[in-house]
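Letters are used for the chains, namely A, B, C, D, E and F, taken in the order the chains are written, and counting of residues starts over at 1 for each.
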Amino acid sequence: MATIQPVVLFFVFGVLAGVIKSDLKIPEALYKSLSIFLLIAIGFKGGVSMAKYEIMEVLPIAGSMVVLAAMIPLTAYPILRFLGKFTQADAGAISAHYGSVSAVTFAVGVAFLAAKDEYSEGYMVLIMALMEIPALVTGTILARAGAGGQKTQWGKLMHEILTGTSLYLLLMGVVIGYYAGAVNLVSPLDKMFMDLFMGVLAFFLLEMGLLASARLKVVAAKGVFIISFGILFPLLAAFFGAYLGWLFGLSEGGTMLLAVLYASCSYIAAPAAMRIAVPDADPALSLGASLGVTFPFNIFIGVPIYWEMSHWFHSIVV
Amino acid sequence: MNNTIAMKRFEIVIGIEQLEQLMDLLERSEVRGYTVIKNASGYGSRGARNPDDVFLTDENVVVILACKNEQAQKVLNELRPAMKGLGGMCLISDCQWVEGPAVSY
Amino acid sequence: MNNTIAMKRFEIVIGIEQLEQLMDLLERSEVRGYTVIKNASGYGSRGARNPDDVFLTDENVVVILACKNEQAQKVLNELRPAMKGLGGMCLISDCQWVEGPAVSY
Amino acid sequence: MNNTIAMKRFEIVIGIEQLEQLMDLLERSEVRGYTVIKNASGYGSRGARNPDDVFLTDENVVVILACKNEQAQKVLNELRPAMKGLGGMCLISDCQWVEGPAVSY
Amino acid sequence: MATIQPVVLFFVFGVLAGVIKSDLKIPEALYKSLSIFLLIAIGFKGGVSMAKYEIMEVLPIAGSMVVLAAMIPLTAYPILRFLGKFTQADAGAISAHYGSVSAVTFAVGVAFLAAKDEYSEGYMVLIMALMEIPALVTGTILARAGAGGQKTQWGKLMHEILTGTSLYLLLMGVVIGYYAGAVNLVSPLDKMFMDLFMGVLAFFLLEMGLLASARLKVVAAKGVFIISFGILFPLLAAFFGAYLGWLFGLSEGGTMLLAVLYASCSYIAAPAAMRIAVPDADPALSLGASLGVTFPFNIFIGVPIYWEMSHWFHSIVV
Amino acid sequence: MATIQPVVLFFVFGVLAGVIKSDLKIPEALYKSLSIFLLIAIGFKGGVSMAKYEIMEVLPIAGSMVVLAAMIPLTAYPILRFLGKFTQADAGAISAHYGSVSAVTFAVGVAFLAAKDEYSEGYMVLIMALMEIPALVTGTILARAGAGGQKTQWGKLMHEILTGTSLYLLLMGVVIGYYAGAVNLVSPLDKMFMDLFMGVLAFFLLEMGLLASARLKVVAAKGVFIISFGILFPLLAAFFGAYLGWLFGLSEGGTMLLAVLYASCSYIAAPAAMRIAVPDADPALSLGASLGVTFPFNIFIGVPIYWEMSHWFHSIVV
């Protein structure tokens, strides 16, 4: 069994602070600054290691995995709509959240591999950045198809998706990291974007813990189905991701990261996009499931399981 | 009260995403002064709106403007149809403008 | 003014630590709209209160609410005894609600 | 309205750089309560003023104060000449002070 | 004589900025972020080095020194009440401030030892975290005993003390540092919480200088007694602390740090607690003495003196 | 030709975010915190390397170059007033901006030299700090001389210039760096103020890009003259600076940095000072030219050109 990483204990203490009603508060500006840092740093790191690949070799694999990510909301929707009895709007919006990804969950996965000294493909971060697009579009179609009412603001939605902060900062990090790697000038920037990564992640997880404990209370009131969904669906999605990673010949680390991406769900980009695209969905529902249930599940229990999944796939063939 | 002018005071609360639109409208109505307080939260027909929520930000702004009674009806005529799209609220009350500072109404 | 409804405007200033209590009270009085401005400072019977002091933070909030004259007395009846514990101040004035946006009073 | 006292409500908007001066003036007029909302932006005779601009910061503050009718004229007499130097605006309106909280007017 | 550490010059420039009325301002969010960082980092560092001890060996010593810290307010109170003629409320509240501790003063002491390459016991940080409790409780009892008026809100006070930000973050840092040390995963987190410690302290001291210069003006108006108290009492408390440290067999560095803890006084946790427990005390008085007088005295003059004290105790016996 | 540094790509992405109307926003507190960091760090670094010189040797050279910087506004003014047909107030205010300096442009120059492993004199940073003074005073005289109207608030202006945040933090950094260098205690502070410099600069340039793209729109509406001035005048000033650097026997790196200082123009200290001294000047004009035109020109095109200029001067003599 893997030892728990010290960094995730920050999350535990964040939750605990919420539970005991400590007056601990992370200034909003710090929270925003850290999230900007993390997105750039994740992109940068991926970009630097992508500089070692032929970009043209990578694109078809990455592209396929991005497109196949549309399968996630397509699977989630019928479960939510027909088993969970959610409205079309809610089922579609939640599907979009689960098709989309969480950069922080990904970062915890990367930290897990780093502690094990396991290799993974640098372009996973590119897949992460681009997976948002099919997930949010598919989720919106599911929420809206055949429904009357207000017309979907597709123009506004696509602008939001394509220029949204998360995608923009990740891609920016990738491009600059790639360039820095190519011209061999990574060095003074890595002191910030690589060396401090784990420390920043620690702070961020502390705040995430505070936020998650508030959200969990809200979603707990919504019943047991959504909580079960928030735990079981990621396992299913991860299995699919691990299968694809193995199929496409990723390393064990890369396969695990793809499982993490498929299992993780969004709490930043998706809520913003769904408010524009599906304003009649209840944001407390999707956010509660995503942040209050699936995020903690993934970073504590999911990540080690997904590593075992990847290991299992890679062991059967050889 | 001496040295004061009877005026109308408008108090408008809308979402920040509509502030620019409102400011354009006020310019068209030839309003020469207004004050904006950002970062307001509140409750109304669309439920709670709160700028402090990290994930689901909804920011209200309060716009206060004083203008002469003559101009008030004109502003109101422009404002009323627009408010339908803007949501929020608009209150009008009587007030006295204290003469002294440069005229900006 | 045309297309307006005569209403009462409440303006309440209290410490932020009492905001939740006030919001519960307003909910009980079936108030359907209010606006909250945080981060206010001020001076009153308890001396200066200032949210910017790093060590001795005291934050005031301003709550504005418009409601129909009929409801105003009801709100006032709930509010008056509570204000004793809350401190701060509560002003009431007349205003006109501009029809247009969704009804939230 | 029962249990209320008729009062005057002052609403003053000035630049933050003049706030201290205004607070001194209010102290001299023996005002015993006021509320300050910082970080306001606005438009007036000096054009747009905006605290959010990183390079060209201009912050307005809104000062609200309620006082008895008797005191209002005294405050006004102090305030009016000062407002010339302060810029901004000053509005006065009628309001009812709800009895209950400690007296701070 | 010891050379002045560069980091304390930041404090000097903070004070100077206040004196010449520079428009220098540290954003509040930065100030709060830095203080969160410092508390976690101080705890983390202590926790990591505690991982080398048997925890059960440490607890009795640490516990004794925490309990004995209640002596500080018990000594301060009669001086303030009968010599200083302060009201019971003020004398009690000030006592609570001086019994409590300043993490930044402690950090300056740690930096002083680091510059000298002197060893100190890691669990000093645990003592620091826990000393708040007896100090604040004793101070409150002194302020309230026999006094009529409003009833003391003991429930609210204990919640404030036990869940207050400083204590929580320090203990969290200790626990995570201890765990990281035990499982040998300190490495990526130390880049943040150890390497950057001095730089963050520098920023923080700059802000402290700005704040202290404002506070000193206020306290100066309160007369000469409170200023003398702010300088002489810490010397007394430090002597007591150094004596105890030597008695319990601490290293020279540890003895000095205990002296620093006993001499330092609070300007974050204590003001918050005293507003709840003793609302009729004048916060400008206790805060002015603590931040405007004792803090600067300690970091410039006190720390080197406490080092000499420790040295003196350790030399007499051997 | 020099390769573009990765760090300036952050500026490009900032501009791009503005152009595509991304909702990317840097919290104001972060922006202010980073600028405080950069000013201290630039000063600190210069101070540390100044500790290697005899301070008395340096002062006359540095002093001369500071005084000669008054030539910049004196040259800019007639061009703006008579060729550009600006009002006296605007011409004076813009001159003051161009006589003054941009610490971030200087930092990009320093990073350029670091990537080339080129030496430069540490006291350049002292020149930068002090150049503000003659520039702002000369600009104000030009704007006001013979003009009636409101009296110039010289007292308030000099207080603003001498205690302004930029000058204060730079000098503070220099003094502390110098002291740390002299007593050989640079070590724990350098982890913050030196190692992280480039990473912080990256964030800052991202924000600068966002701000510049907004400003460029405004200045573009003001016509072609001001844009041409914003590009051509820095070239002229840089040439003068490079000539002086060579004349005074600076190294190639130092000569280039002096050219950068002469070419760069202010967008923080100067706007603040000019609002007090020349309130009737239009700040959108000077700020637009400085931030929207000259700043991007300098960091992308100017810096490599100024390096060539320095090289050229140094090659003709030898």
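Observations on the structure shown:
The rule is short, and it goes like this: contacts are C-beta pairs under 8 Å (C-beta built on N, C-alpha and C of every residue); 3 or more make two chains touch, one makes a residue touch a chain.
Just so it is clear, the structure is predicted and the values come from calculations on it, not from any experiment.
Number of steps on the shortest path from chain A to chain C, with steps defined by chain touch: 2.
At the far end from chain B, in terms of centres built from Cα atoms, lies E.
Comparing the CA-atom centres of all chains against that of chain A, the greatest distance is found for D. As a whole-number value, the distance joining the C-alpha centres of chain B and chain C reads 18 Å. Remark: chain A and chain E have CA centroids separated by 41 Å (rounded to whole angstrom). Residue positions 37, 39, 93-94 of chain B each touch two or more of the other chains.
Multi-chain contact residues of chain E (touching two or more other chains): 27-29, 196.
Under the stated contact rule, the graph of chain-to-chain touches falls outside the line, ring, star and complete shapes. Pairs of chains meeting the touch criterion are A-B, A-E, A-F, B-C, B-D, C-D, C-E, D-F, E-F. Chain E contributes residues 3, 5-7, 9-10, 13, 17, 20-30, 111, 114-115, 195-200, 202-203 to its touches with chain F in the complex. Every residue of chain C that touches chain B in the complex is listed here, in rising order: 1-4, 7, 9, 23, 32-39, 64, 66, 93-105. Those residues of chain A that touch chain B in the complex are listed here as 28, 31, 211, 267-268, 271, 275, 283, 287, 291. On chain B, the positions that touch chain A within their shared complex are 52, 54-56.
Those residues of chain A lying in contact with chain F across their complex are 27-30, 32-33, 36-37, 159-160, 163-165, 168-169, 172, 175-176, 179-180, 183, 185-186, 188-189, 191-193, 196.
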